[in-house]
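Naming follows writing order (A, B, C and D), and every chain is counted from residue 1.
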Amino acid sequence: MLLEYAAIAAFVLVTTLIGFIAIGLGTIFGPKRASEKKGMPYESGMDPIGPGTRRMPVRFYLIAVLFILFDIETVFFLPWALVFRQLGLFGLVEMFLFIAILLVGYFYAWKKGALEWE
Amino acid sequence: MGIEQKLGNLGVATTTLEQAVAWSRTNAMWPMLFGLACCAIEMMSAQAAHYDMSRFGMELMRPSPRQSDLMIVAGRVTRKMAPVLRRLYDQMPEPKWVISMGDCASCGGVFNNYAIVQGVDEVVPVDVYVAGCPPRPEALIHGVLRLYEKVQAMKFAEVKS
Amino acid sequence: MEMKIQPILEKLEKEFGAAVSEYRGDTSLVLTGEKIVAACQRLQNLGFELLSALTAVDYWPEEKPRFHVIYQMTSISLNLVLTLRVPVPGINPSLPTISHIYRNANWRERELWDMFGIKFLGHPDLRRILMPADWEGHPLRKDYPLGYEEPQFTFNYEEINLRKPYAKE
Amino acid sequence: MPDIQEITVQDLKHLVSERAIQGETVLLNMGPQHPSTHGVLRLLLELDGETVVNCIPDIGFLHTGIEKNMEAKTYAKAEVMSDRLDYMNTVGNNLAYALAVEKLVDLDVPARAQSIRVILAELQRFASHLVWLGTSALDLAAMSMFLYCFREREYILDVMEMCSGQRMMTTYIRPGGLWRDVPVEFEAAVRDILKKFPKRIDEYEALLTRNPLMLDRTYGIGKLTGEECLNFGVTGPMLRASGIAWDLRKDRPYCGYEQYDFKVPTRAEGDVYARYLVRLEEMRQALKIVQQALDKLPLGPVRSQNRKYVPPPRSEIGVSMEALIHHFKLWTEGFAASKGAIYSAVESPRGELGVYLESDGGPKPYRIHWRTPSFDNLQSLPAMSKGVLVADLVAIIGSVDIVLGDVDR
């Protein structure tokens, strides 16, 4: 049992290593020629108007929460797919139940108009 | 790059590193989506399927200066646009090059009047000038290849810190 | 001169004392500045729905009516075209705005202010439209220089190179 | 150059609404360098989250001072600048300029030149609509349309290059006729286009017209009624998509357009989808016109014989003394137009392209004003974009089909 986890651990280790190497080399060896103009926020060539931190409307937060909700739902599919053979019919029914519950939540959000922008 | 100042000239080590750096720069140089006037239409034709600038590593026209290495000034630069052009040039990350496409960008071209900056080299330092009004897509691609020659000939020792 | 335009011209001549003139098939009326708003209102009711063009001409050495502001009207229902010319004096030239009658006059009047310096009284937002905001002078006036710069050829390359402001890094 | 000006909301007070000043809405620049503004147009957007509360266009980033520059050049030399105005419709600009000068000096144009002018103008209209279709579909994430449309455009550019040696800025239509006759292989190339293109338009229709994504993004968005269009001075496909069939080629024909029968497509809804359908139908009608013009192409000279205004062909210069004198006078000093002012308009792919030309009797135009359609079409953008999502604003800008050289002159 331990062996499979070792495989996943190796996989995670290598990916983070590659990520760090790629960015790390850039930051260590790259020239730092920061200038005040380069640091300005990019606003298609013009000067930004008003303060940078502005009040964000709540709808953005709502969409972010909905996304996280259904994203985690898909994360649960991964381990289920790994052990799909051993679980047999029980696993299948269990997962469909899980999906059904989340679908109820989805329809509720849909009908409440959370997906519409206004 | 930082390493250039530290290494200086180590003979065979830096030359292979230079070739590796030059290879990586010239095969994935992303231009900034910065079309001003008529030359922009020829630039779009050069980017489209028939002339296909992606064969030379220019797969994507990045709209934001943060992700682009090359600024193709395609069109006439007016007095009102010059500060914007300078701002976009400043906001590009360091190894950056400029191609001034067309006569209007290179020397004011047909328009010698109050509204046009006579040559974009008054605003940003230019590496390659492409002549033509508008230059044919082949002329632009020729300009890109000349720029690649210039990038490949760059030595580490010359790079200022 | 198309015949259908005849009755309209009579009405305008009587009402606004406009002088009719005709050149190469285009009929044009010359009005004074005060009557232009009423004339435009009248023309719009008569069926001239589209203000095709609104521009000006600068007869610079002549000072009295230095500018002529030209209103090019088009009637889609009657398929007619008419030009209104309004002479404007040279010292602080100004005209009442017609942007409440024809909404595309809004930008066109801003352009005339930007290019000729003709003020439009009552205009909601008279700013420069084509030139940068801090530009001095009105470029399309005849006494405004073209801004011609000596082009760089081989024989005068060095002198121009000295005073050409190349961009440093 | 002024470096960094700190702009606060205060100094835009008279433009933006109250909510912006209290900081409730965000002021954002959809500025000169933006993938979906089709050129250097700057929109100052006042956003409440994703909905556009107010949109203030700021133009002038491509103002080239063409009108002032044309006043310093003779009639023959000034025409070179007319190409650079609306660089999607270069042949149309030349046509507008040539017709204006011909009206001013009362110049005749031979029949063959008029037919070739119609063929080239309609091909250029087709090419301009192709670029519009490619870029505005690209804005709605239909990437392949851009590549298809530019593939077709290459055929048309080859024809233009065959006639004049230049792909875009042809300056091929001159006052008094054409620069020279079309080459022999012109007719074969245009026939090839006429055979291939209808199928290509069906391809586009199959891709986009019934596409639910396209319908969601364009149907019912950016509505303009007929009266609003006229009040904003909007002309061209946008006006015809709002139900008013005003097309200068039909109502005030020039260049022999009355001989060809073609339909002026109109729609009633006046939204982005209607403009798409009108322009697509116009592409088909353009091919129909080219077909008829090519079938009835008369033979004969392509230049007016009036030597006072039109330089003689080079072959004649070696032979006759008068031709040499005319040639010399016309190319050095240019012809002197009689005193007076005219306005002549042409139907460009964006609307009514008018030229107000005034001459004081000298060899140079005393005042030339280009009534460009995009300048007025763009004025209707703030009215269309009230309370619209930013993504829909992108679709609306695509449907207005502005060309910034046309707007800023």
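By definition in this document, a contact is a pair of C-beta atoms (placed from the backbone, for glycine too) under 8 Å apart; a residue touches a chain by one contact, two chains touch by 3 or more.
In this text, all values refer to a predicted model and were calculated from it rather than measured experimentally.
Undergrad: Going by C-alpha centres, which chain would you call the most central?
TA: D
Undergrad: If you tally the C-beta contacts, which comes out ahead, B-D or A-B?
TA: B-D
Undergrad: Whole-Å distance, chain B centre to chain D centre, using C-alpha means?
TA: Between these chains, centre-to-centre, one finds 30 Å.
Undergrad: Chain A to chain B: how many Å between their CA centres?
TA: For chain A versus chain B, the centre distance works out to 35 Å.
Undergrad: Per the centroid of Cα atoms for each chain, what is the distance between chain C and chain D, given in Å?
TA: 22
Undergrad: Approximately how many whole Å separate the CA-defined centres of chain A and chain C?
TA: Comparing mean C-alpha positions, chain C is 57 Å from chain A.
Undergrad: Hunt down the residues of chain A that sit against at least two other chains at once, touch-wise.
TA: 37, 40, 45-46
Undergrad: For chain C, what residues touch not just one other chain but two or more?
TA: Only 131-132, 139, 144, 146-148 qualify.
Undergrad: Provide the list of chain D residues touching at least two other chains, using ranges where the numbers run on.
TA: Within chain D, the residues that touch at least two other chains are 2-3, 31-34, 60, 63, 65, 68-69, 408.
Undergrad: Using the touch rule from the top of the page, what pairs of chains touch, sorted by label?
TA: Every pair of chains in contact is listed here: A-B, A-D, B-C, B-D, C-D.
Undergrad: Which of the residues in chain C end up touching chain B in this complex?
TA: Against chain B, chain C makes touches at 131-132, 135, 139, 144-149, 151-152, 164-169.
Undergrad: Which bits of chain D are touching chain B when the two form their complex?
TA: Those in contact with chain B are residues 1-3, 31-35, 39-40, 60-66, 68-69, 80-81, 84, 87-88, 131, 135, 146-147, 150-151, 153-154, 157, 167-169, 404-405, 408.
Undergrad: Going by the contact rule at the top, pick out the chain A residues touching chain B in the complex.
TA: 28-33, 35, 37-38, 40, 42, 45-46
Undergrad: What residues on chain B touch chain A, complex-wise?
TA: Per the stated touch rule, the residues are 1-3, 64-66, 84-85, 87-88, 90-91, 94, 161.
Undergrad: Would you pull the chain D residues touching chain A in the complex into a rising list?
TA: 3-9, 12, 23-24, 26-34, 42, 44, 48-51, 389
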